[in-house]
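Next come two complexes built around subunit A: one with subunit B, the other with subunit C.
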Partner chain A sequence: MKKKMIFSEFFRNNGVIMGSALMGLVGFWLIFLVILPQLSMLDYSFRFNLPPADVGTAKDVYTLSNYEHLLYGSDKTHATFNTVDLMVFVRTIIAAIMVTLFNIVLCYPLAYFLGQSKGSGLARLLVVLLIIPYWINEILRAFALRIIFGDSGLLNETLMLLHLTKEPIDFIRQDIALYAGLGYAYILLMLFPMYNVIESLDRNQIEAARDMGASWTRIHRRIVIPHAKPGIVSGATMVFMLSAGALAAPQILGGPSSLWFTQLVYQWFNDSLNWQQGAAYAIVLLISTILIVLTVMRIFKVNMGDIGK
Partner chain B sequence: MSSGVAVDLENVWIKFGDFVAVREANVNINGGDFFSFLGPSGCGKTTILRAVSGFLEPSDGRVLIGGNNMAGIGPNKRPTALIFQNLALFPLMKIWENISFSMEVAGASAKERRKRADELLDMIALEGQGDKLPSELSGGQKQRVAIARALCANPDVLLLDEPLSALDLKLRQHMRTELREIQQRVGITFIYITHDQGEALTMSDNVAVMKAGVIDQIDNGHEIYDRPATPFVASFVGENNVFRGKISQISGSEAVISSNRSGELRAQITPSQVGKMNVGDDAMMFVRPEALALGESDPASKTTVSAKVLNEEFEGASFSVFLEGDGGKQIKMAMPNLGQKLEGHTGETLSVHYDANNAVVMPAGELASE
Partner chain C sequence: MSTASIIRIALFAYLAIFFSYLLGPLVVMSLTAFNSAAFPSVSPWACYTYEWFDVLFNDKHIKEGIYYSVIIGLGTVALSVSMGLAASIVLTQVWAKFRSTYYTLIIAPILVPGVVLGISTLVFWDRFGDFIRAGDGSMLDGLFHNGIFLTILGQSSFIASYCMLVFVARLQRFDPGLTEAALDLGATHTQAFRKILLPFMRPAIASASVLAFLASFENYNTTTFTIVKYKTLTTVLAQKVRLGINPSISALAFIIIMMTIILALGFETYRRNNARKEAVRLGKAKESKGFLPGFLTGNPAAIVLVLVSFVVISMIGTAQSYSPQQCKAEVLAAKKAEVAKAIKALKLKRTIKQQSDSLKGPDIFTPDPANKKGSFGGVFDPNNLTNEEPAKPEAPAANKKPASGAFGGVFDPNNLQKD
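Moving on, here comes the complex of A and B:
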C-alpha cells in the first residue's frame, strides 16, 4: 500500500512518460547489470565444465563439485583439505580486514581535521590534492607504487641515502608494497564518508563536552566517534569489499609467492578456462565478504539505512 | 551550594586580526548575581562570554573568576558551565547521560551518576524522563535539560548564551521566571547573554549594555531604563522618543534644551554627565512613550510638546498615538486603555506634556538602528 503511494506520487511529479522512462532505466540497471550477471554466475558455479558440444545435453546437470574443489582440491576421497587455496582465501580476508583497519586509523584524523575546518580554503585545497592522483588509472598508480617500492626505487634510495639501511629492502617480496597499494587504492572511499558525517557534527557539542571537563580522548570516544559511526562503517564496508575483490594491485604489487584470492578466480577464468570453477570461487568470496560486513554491522549496531545516508 | 563567585573583567580587549571585537571592557560581577550582557547581534557579547568560559583568550587584560586570574586555564579547567544557544545536547546519549556527563568525565560510577541525574530531573520537573533521547523532548524540556546538565558539575558560574532565543514567545516568558527561580535557588553567579531587553530587565540584577564592542552602561534594570547613559542605551532598551537640540540652560542636574522642533524642553541630565555638559552642546533628550500624557499646551513649563497626529493604534491594553517628531522620527505616546475614546484625530495638532523628572538629556550620539 505504501509502495503504491510512493509510485503514484513519483508519476505525478515526473509525468507518465518521463516517469516510465526513469523507472525503465532503473529496472534495466537492476535486472541486466546487477541481478542477471550474478544469477548466471551462480548458475555457472553449480555446473560441470563441459565441452561446448555437451552443454545442454543430459550430461549438463547441477553439481557441488566446484565448491568441493575449493575445500578438498582434486582429492576425490575428501581425506585432505585444499590447503593451498583455503590459505589464500583466509589470507585475503585477513589482509583485507587489516587494510580496512589501517585505512580507518589513517583517515579518521584527516577526516576530523577536514570536517571541523568547515570549508576553509586550506581544507578545500587539501581535498582537491587528495583527489587529483585518482584521476590516474588504477593500474598506472599500482605501477607507480611498484617503481617507488622497487629495489632501486625512490624509497630504497632515500633510506640508503639516509643510511637507515645498507641493503635495499625487498618491499615487494614482503608484501609491504601490496598492502600499501591496496590501502592507497581505496583510501578516498574511506575518507569521504567519514568526512561527510564529521562535517555534520555540531561544533558546539565538542565545546560543550570540553566545557564539562572532558579530555580529547573522551570527546572523541563519546561524541565524535559515535556520531561518525555510520560514515566509518560505510567507508569500511567499501574498502573491505573492494580490497578483498581487488585484482590490479595484487597482480602488480604482489610478491611472486603471495596470491590474492581474486587472482585464483582470474586464473580459473582466464588461464584454465574453467568458468564454472571460477564462478564457484567468486561466489564464495562474495558471500563470505557480505557475511563479514553484516556481522560487523550487527556488532556495531549500524543499520543498512544509516550507511546509505 | 556555593554562595556565588565574583567574575571580573579588567581592561579586556579582544581582537581578531584588525577587528576589535571587545574594547576595554571593565566589568565587576558580584558573586551570586544574575548579570546580563545586552546588545544587538555582533556587538561582542558572545565574545566576552567565550573569554569567560575559556574558549578564547583576551588579547589584552585579565579575566578573574573568584579573584583568580584565568589566563592560560582551558575551558575544561574553569569553574564555569556554559549553556549554548542551540543547547548542544548530545543527541546520541540518553537524557540522564547528558545531564551527568560532567560526572562521567570525573569518573563517577553509573549508579552515582544516575542518582544525581534523577535528582536534577526532579528539580527541573522532568522526573522519569531520564531514559529518553533529547530528540523525544519538546523545546522547553530540552532547555531545562541543558540547564540541569550545566548545573550537574556544580559550577561557580553559569554562562548562558541566548538560550531562550529558539523558544516561542509564551515559553520564553515562562522560562524567564523559571531561570530566575533556579538562579535564586542554587545561588551561583549567572552571566546571561541576550539581545532581548525584556529578558535582560526581568531577570537581571545588573545589566551591561554593549554596542560594537564597547560597554556603554552597567547598572541595574531600573537605572538602565530610567537613566540611560548614552543615546544608544536610551534607544536600544525599550521604546523612547528622541528630541535633538542644543543645551540652552543648565542648573545643577537639570538642563533645558532648545529642541529643533518642539521649543524649549526641560529634563534631567543623565547622572554620568552631570557637571560635564555645557550650554551650547549638541544634546539629545529622551522621554518614554508612557511618560507622555495629554495636556494643555504650556510653553512656559518647558515640558509640553505640540505636534500633528500621524496615526493611532489600538493594542488592547493600551493605545498608541504617533505624533510627527524630529528628524523623521515619530513621537509615540502610550496610554492605558481605560475605556476612554481617543481624543486626537489624524491631521489634528495635539499637545502632550511630561514630568521633567521622567525625561533625560545627554550629549548627542548614535542611536540604535531599528
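Moving on, here comes the complex of A and C:
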C-alpha cells in the first residue's frame, strides 16, 4: 500500500495534468525504450531462427542453441570450442581494457594541468581546441586515421622519407590503426570527467602537502588521485563500454582478418539475417561488459551516482 | 638546468603530442580535400583543386542522408528533451529509498553499447507489432517497421539520459520555494510549470537540444541497425568509407570542421565581449580607443574569427574561377612517363628472370615480388581489395590508375563525369 501513497503524494505535488505528463514521459522512456526492448531481446536470444510461418507454433520453443553456438560453434557434439568467435570476444574485451588504460595515462596530466590552471588564457584556448574534434563525426574521425595509417598514408611516407623503413608498414593489418582509432574516438569522454573533479580540488591541499615536504609523486598518489577517483572511474567506464561496443572504428580501421565482437553481431543481423543468434551475442557482450564495470566499481568503491558527473 | 624548467619542457612536449594526436588527423584530412589525387592523400601532392567539393555537392546519397539525418535529429530532440526533463523533475521528487535505483535506471542507457540499443529497439517493435496483431499493410505495422520511427526511438533511449544530466545540473540551483509561492497565490500546477520552472530551465533546454541534435546527427552504432531501408548521413558515410574512399568525404569533413570552428569561435567571442562590457560597466577596464573596432580589443577569439571567415570567403571566391587543368595535365604526363618507366623495368626484370629460370630450372621457381603484390589483393574479400589497391605505392603505376578510376565509378556516378 506504500506505493499507492507515494503516487498520490506525487500527484498532489504536481497536479493531475502535470503529474500524469511526467509519469507518462518517464514511463514511456523506461518501459518502452529501455526495459521492454532489453527483455524482448533477451527472450529472442533463447529462440530458434524459424521461418515466419513456424513462429508461434509448437516448434517455437526456448533453446540455448544460440549461446551454445558461441561456445562450441556448429559442432553438435560439443567436443571442440568455437575458438574463432571466442577469440574475437576475448580480444575485444582485452583491447577495450588496454584502450581505457591508455586513455587514462594520456589524459591524466592534461586534466591535471587544465584543472589547476584555472581560467588562464591558455587553458581556455586548449578547452576550445578540445571541443572541436568532439563535434566531428565518429566515422569521419576514423576516416582521418585511415588516411594517415594507410599503406601510402602520411605516416608510412614520412617513415620512408626518413629511411626508418624501406617497405610500408601495414598498420591496418597489424591493428595499430584500430587501437589508435579507438583511443582517439572516446578520449574526450575520459578527459572531461577527470577535468571536472580535478578542478574542484582545493589547491591549498596540494600546497600544504608541498610545504610539508611531500614529493611530487606522493602528492599525486595521496591527494590528487584519491580526489579524482570518481572522475577517473566514470571516464574509464564510459571509454570501456563505448570501445567494447564500438562498431564504426573496427569497420573502417580494422584489418581484413581480425574482427571486433560487435562486427560479429552485425554480421548475424545484416548478412546472415539470424536475429536470434545476433541477439544472443549482443546479450553476451552487454552482460560481460556490465559485469566488468561493476567489478571495477566495487574494487575502487565508486557508486553509480558518480557516473555522468 | 633546474627541475622546474625540465618539468616545463616536458609539459609542453606532452601538450604538443596530445594535441597533434587530437587535431593532426583532422588537419591532414582537411588537406586531402584539396589534393586532386583520386585517393585521399597529402604526400604525393598532385594539384590544388576544389573539384571534390563539386563531387560532394552533386552526390545525391549524401544529400538524401543529410535530409533524413535532420528529420531524425529534430524528432530525437523533441522526444529526448521532453523525456529527459520529465525524468530529472521526477528525480527531485522520487521517494528517497528508491532514488539510487531510479538514477541507475535512467543513467544506464548511456552505458549500454549502442549496438545493443539498436538491436533491442528493432526486435522489440517488430514483436510489439506482432503482439498487438497489426496485420500486414496496416498503418501501425508500417510504422513499427519504419526506419525513421525506429531510429528516433532507439536514439532517444540514450540521448534522453544525456539531456537528463544537463537538466539535473540546472535543477540543483532551482529554488522550489518559487513554485510553492506560485501555487499559494492560486496558480495551477500547469501554470506554475509554464511560468516558473520552464523559464528557469530555458538555458538548459537550449544546450540539451543542441547536445541531443549533435548526438543524434553523428550516431552510427544504433542507427545502423534501426534505420532499415532509409539512410542517414552517417550510414551513407560509413558505406562510402568501407566500399571505397575518395576525397569528397574529406571535403565534407572540412566543411564540418570549419563550421565547428566558426561556431566555437563565435560563442567564445560573444562570451568574452560580454565579459569585457561587464568589466567596462563596473569601471574595471577602460573603454578602448585603439584603431581596432571595439569588439576586437582584448578579444583574440574575435580576431581569429574574423581571419577564419576571411579565409573561407576568399576560398569560396577563388573556387569560382580557379581551375587546375594545366597542373592536372602536367601530373598526368608525369604519371604516364612513370608508367612507361615501370613497364620497361618490369619487362627487363621479366627477361632477366626468364633467363635465370631457364638456367636454374623450374623447381626452385619463386614468384617475382612484383607479381606477388598483384595476386596478393585476391586474398582478401573484394571490399578490401578496392580499399587496398590504390594504396599500394610500389605496385606498378599502370595498375594504379585504372583501379582507382574503376572503383570511383562504382560508388559515385559523378566521378565518371569528372574523369
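Keep this in mind: the second predicted complex is superposed on the first by the 286 of 309 C-alpha atoms of A that agree within 3 Å, B and C clash if a C-alpha of one lies under 4 Å from a C-alpha of the other, contacts with A are read in each partner's own complex, and residues count from 1 in each chain.
Here, a residue touches a chain if its C-beta (ideal position, glycine included) is under 8 Å from a C-beta of that chain, and two chains touch if they have at least 3 such contacts.
Just so it is clear, the structure is predicted and the values come from calculations on it, not from any experiment.
Quick one: on subunit A, after the overlay, do subunit B and subunit C clash, or do they fit? Just give me the call.
Result for subunit B and subunit C: fit.
Return first, second, both or neither, reflecting whether A:R47 touches subunit B, subunit C, both chains, or no partner chain.
neither
With both complexes overlaid on chain A, does A:V34 touch subunit B (first), subunit C (second), both or neither?
Only subunit C is touched by A:V34; subunit B is not.
Let me test your reading of the model: by the given contact rule, A:A209 touches which partner, first (subunit B), second (subunit C), both or neither?
The first partner, subunit B, only.
So which one touches more of the residues on subunit A, subunit B or subunit C?
For subunit A, the partner with the higher number of touched residues is C.
Applying the touch criterion given at the start, work out whether A:L154 contacts subunit B, subunit C, both or neither, answering first, second, both or neither.
Once the two structures are laid over each other on A, A:L154 reaches subunit C alone.
Of the two partner chains, subunit B (first) and subunit C (second), which one does A:L140 touch, if any: first, second, both, or neither?
second
Examine A:H220 and indicate which partner it touches, taking first as subunit B and second as subunit C; both and neither are also allowed.
So A:H220 meets neither subunit B nor subunit C here.
Quick check: superposed on A, how many Å separate the nearest Cα atoms of subunit B and subunit C?
10
Please report the subunit A residues shared by its interface with subunit B and its interface with subunit C.
none
Using the touch definition up top, name the residues of subunit A that touch subunit C in the complex.
The contact residues of subunit A facing subunit C are 6, 10, 13-19, 21-23, 25-26, 28-30, 32-34, 36-38, 40-41, 44, 55, 106, 109-110, 113, 121, 124, 126, 128-133, 135-148, 150-154, 157-158, 167-168, 184, 187, 237-238, 241-242, 244-248, 251-252, 256-257, 262, 265-266, 269, 275, 278-279, 282-283, 285-286, 289-290, 293, 303-305, 307-308.
Any idea which subunit C residues touch subunit A in the complex?
These residues of subunit C touch subunit A: 11, 14-15, 18-19, 21-26, 28-29, 32, 39-44, 82-83, 85-87, 89-90, 93, 95, 100, 103-117, 119-125, 127-128, 130, 153-154, 156-157, 160-161, 165, 188-190, 193, 214, 217-218, 220-221, 224-225, 233-234, 237-238, 241-242, 245, 249-250, 252-253, 256-257, 260-261, 264-265, 268, 300-301, 380-381, 384, 388, 391-394.
Show which residues of subunit B lie in contact with subunit A when the two form their complex.
Listed in rising order, the residues of subunit B that touch subunit A are 53, 55, 74-77, 80-82, 84-86, 88, 90, 92-93, 101-102, 104-106, 149, 153.
Taking the complex as given, what residues does subunit A use to touch subunit B?
Contacts found on subunit A: 202, 204-205, 207-215, 218, 222-223, 226-227.
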